[in-house]
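Alright, structures below, take your time with them.
Consider the two complexes below, in which chain A is the common component and chain B and chain C are the respective partners.
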Partner chain A sequence: MSSSLALLAEIRQSSERRPFEVLKLAEPLLNKGTISQAGDDVWLVYEQVFLAAIDEGQIELAKAILITLQKRFSGSQRVKRLYGLVNEAAGHPGESKKLYDEIIEKDETNVLASKRIVAMLKAQGRYAQAIKELVSYLDVYANDFEGWLELAHLYLGQHMYAQAAFCIEEVILLQPANHYYHLCYAEINYTMGRLDIALKEYLRVVELSTDNVRGFYGVKLTADRILDLVKNRPKKDQLHFSLDNVPQQGTLERLSQLATERLVNAYSEANAACRTVNEQWLKE
Partner chain B sequence: MSSGLVESSTTTTDQAMFLDPAIRDWVLFPITVIMVLVGVFRHQLTILMTGEPPKADIKDLRQAKALMRGQVLAQNKSYIPASAFVERKKYLCDAYENGTYLKNKASKEQNAANLMTDPKNMEVMMDGMKKQMMGIVPQTLIMGWIQFFFSGFILIKLPFPLGVRFKQMLQSGIMTPNMDVKWVSSLSWYFINLFGLRGVFSLILGGENSADGTRDMAAMSNMGAMGQQPGQPQDYNKLFLGMKDNLSIIYHEWDLDSIEQRVLVKYGKQPRLFKSARK
Partner chain C sequence: MPEYVVSSQAYAKAILHCAKYPWAAVQGLLLGEKKEGKFRLTDAVPLSHNWTQLTPMFDVAFQQVQIYAKSKNLVVAGFYVANEDPESVQLSASSSLLAQTIVSINPEAIAFAINAKNFKTSQSSQPALVAFSFVDSQWKEQTAAFSGSAGKGSAKNAAIFTLENNQALTTARILVEERAEVGIFDFDEHLENVSLDWLQNSALNERIRTA
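Take a look at the complex of A and B:
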């Protein structure tokens, strides 16, 4: 029995989201009442099982746990937030909003409640309001890179690329070594037509993460498009960047060649259908 | 153990002293027990008096995080393109200059002395004082008690020989120059307990306890310096202006300026010639 408690503690500490396993581990504990063996941690286990139950849609179980928690911690803001979650899961967002607002009124630094409000607005499809809330949240918590990432995705949903790029820049400032954020930044810049920055950021991705396929596709696409532009010399006002900033033609050709080589290599283990699609794309 | 006995019988036959068992029962044990009890009592008292932690104010947070943002920008500036850096630098410098993020915009001209009037800062400082008082008062009382009742008592004999250098440490309060260093006086026993009971406390009360008396001693010796004490109010306007100066002289160089060569080298398409080009 204690081994399942240890497993639960492990999941809790790594903050992984594995509701199915959590419920499976916790069910015998709840039924036999051995959950109290957790000692002081028992309330954390209850909270964990509660969140898992919400994730799995077992609202009755969640409500039962919530009553136990409420008995022990009446008037706790943390339990209040859980009430908000139950209401959200049961489809009463209005009630939840009221609860979250109450929490924030009492303690305006409650990060979790502020985040729930944004998440709820997003789930309801009220993106403009979600963005507004999140912006005012980030005005205070400017070092929350996950908040910036979320805001970038909200902006992307509205096709506001310049704003999204700004948010990703903030994320990169806070987490410069994660290649995924550089990839996002590269793709946004590519979409905006700022090919010079996009190429460099794609190269950063393949530097940080060896043989990153998505990165090399980006390198290939961008390098070829810049080569095309360098050869044809379109009018200045058609471009979103200056051709003076791009590397020399020889370097571009070598980069394109390198990307082709690595992509062919990456797909050499794949099945025939995948390989032909890839080869055809590379030929174009 | 046996070697100790042999030693004492050969080298210090002239100091064959015998301690009354009553000293053990009525001095040695009481001092130890009382010190442990006082530690536990202090721990409970601290919990009682600390109460709820002061509520964080959202404006304080915003102020601190704004400063942090400047630090992050100065630190990781080379990972974003020049245009992005210049944009942020300009915005942050203006904001710092105008006090956009200051908790109390009217207090822009205020000096550090006035910060003391903020009731929240006052509370934090009072809390620290209370804790320090709680550390000092019981220790002083016990020390006075020991000096008054038991000064000059010899409490234990160590089972191993020690050099003369330890005399001051183990026989404080006893003015006998010829006594063997193995004998420990009551006042020294008190000090040994004071510094040695930390392990016992963390065993009974858990790692994060406030029963230990030595920390207060360290705090007391720091009092004179009065440097960066935790909970000391800070003049954010000054910090912001300093950060603004820092940012405005920063030279920006994009880390990706030579990325093409780096990638080509990494994937073996080019000999490693450009090492010096990379900063």
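Take a look at the complex of A and C:
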């Protein structure tokens, strides 16, 4: 298998969004016909290139690939969804909606079509409607953590922090060992002034992901802020924050120190400018 | 009438940050100095492309950029954002608040929303930026920004915005065309890999200079 095909397979595996690279890799394969070396995977490659073409605004290329796929898989609901996508990209949302509705009518468990409908509403700026649809979807598919993540994202876009936090809680229930979601939860809570929860969650991040720089920045920021509020500020300033279950002052100071040490250690890999600024920041 | 001049480097970096994450909102800070009564916005420091409504890492980055700026005899002079929805060129509630924190340390700080849709028009002689000044405790769009005048009927003290030179627009277009955005690194990325040069993006600066 050619190295281009191997790379394309890697990108499919990681599901990263790298449309420009995908098109660059695929162009010679398509032109020279060597794409057929992919064997049975060739249809996955076609689909991958289709999606990249849509992302890069290359509608004509996308349409050409679609014709190839349609010839091989006529009547396929999977290909039908791709027709929906190309219509969205070409600015015909009405057409897309019709296609997605047809897919769902034929099979109400087709989650990809349901998600496309939410995505379309979002693209049209109809956020309240998108949220409503996604909430209905999650009523049925409560285990779809990606759905909960997207809902959190939609809520954050509307600055509905408490609702976003709830969604991330659902994600954490489904994926408790993934530090990324604890990080998101910590940052939402920090933004809401819930410093006690933020600190706890940032500590969970560095527990799950050794020497996580963002995590330790969060630990230092939060511990120092709590210390400042508790030691230096009048009671009335503290009222804006949730400080119910914060550790003792001694513990907070040790946590801040630990974070400082780990950050200094991590920054030995940074360039001089960043390292100097970090050192200065740690002192302030 | 306050006058702001946006340098080629600042403009190109803000645009490239936006180009690197076309499906996401991006935001960053602008550095500058006051010279001969004008504010020269000389550089852009990209901050984030994820969870842009959340504050903790903005707080850390803002503090660090202030330290960095001081070391270069510059001040944090502005905020830029490109919204997730390319149709929207307003400052969201969170963007307004974040930009406001800059005003609290620099009362003359301004904000820009990147108008990504305008960027494609190669005939455009204006930068793809919507400018905002903080007036009467809110961000007010400066509709005559970059138009070469303070605009008819605009407020007496409306700010004037110009680009450093005519080359700035061409430079940005050339760089976007050659996909130079792979070479810009923001604070979010730096947090995953501290060896990334988010404060200066020196290699990119060099490319901008020679474009």
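Just so we're on the same page, the second predicted complex is superposed on the first by the 205 of 284 C-alpha atoms of A that agree within 3 Å, B and C clash if a C-alpha of one lies under 4 Å from a C-alpha of the other, contacts with A are read in each partner's own complex, and residues count from 1 in each chain.
One rule holds in what follows: a residue touches a chain if its C-beta (ideal position, glycine included) is under 8 Å from a C-beta of that chain, and two chains touch if they have at least 3 such contacts.
Model, not experiment: these values are computed from the prediction.
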| item | value |
| --- | --- |
| Touching partner for A:Tyr217 - first (chain B), second (chain C), both, neither | second |
| Contacts of A:Ile59 with chain B and chain C, given as first, second, both or neither | neither |
| Partner chain in contact with A:Ala90 - chain B first, chain C second, else both or neither | neither |
| Partner chain(s) touched by A:Leu30 [first = chain B, second = chain C, both, neither] | neither |
| Which superposed partner A:Ile172 touches (first chain B, second chain C, both, neither) | first |
| Which superposed partner A:Glu284 touches (first chain B, second chain C, both, neither) | second |
| First, second, both or neither for A:Ala142, with chain B first and chain C second | first |
| First, second, both or neither for A:Gly125, with chain B first and chain C second | second |
| Contacts on chain A seen with chain B and repeated with chain C across the two complexes | none |
| In the complex, chain A residues that touch chain C | 17, 20, 125, 156-157, 159, 161, 184, 186-188, 190-191, 198, 213-214, 217-218, 221-222, 266-267, 269-271, 273-274, 276-278, 280-281, 284 |
| Partner chain A, residues of chain B touching it in the complex | 55-58, 61-62, 65-66, 68-69, 72-73, 76-77, 79-81, 84, 88, 254, 256, 259-264, 266-267, 269-270 |
| Contacting residues of chain C [partner chain A, same complex] | 23, 51, 53-57, 59-60, 63-64, 67-68, 71, 84-85, 87-88, 92-94, 179, 190-192, 194-195, 197-200 |
| Residue numbers on chain A that touch chain B, as the complex places them | 107-109, 139-143, 166, 169, 172-174, 176, 197, 200-201, 203-204, 206-207, 210, 247, 251, 254-255, 258, 262 |
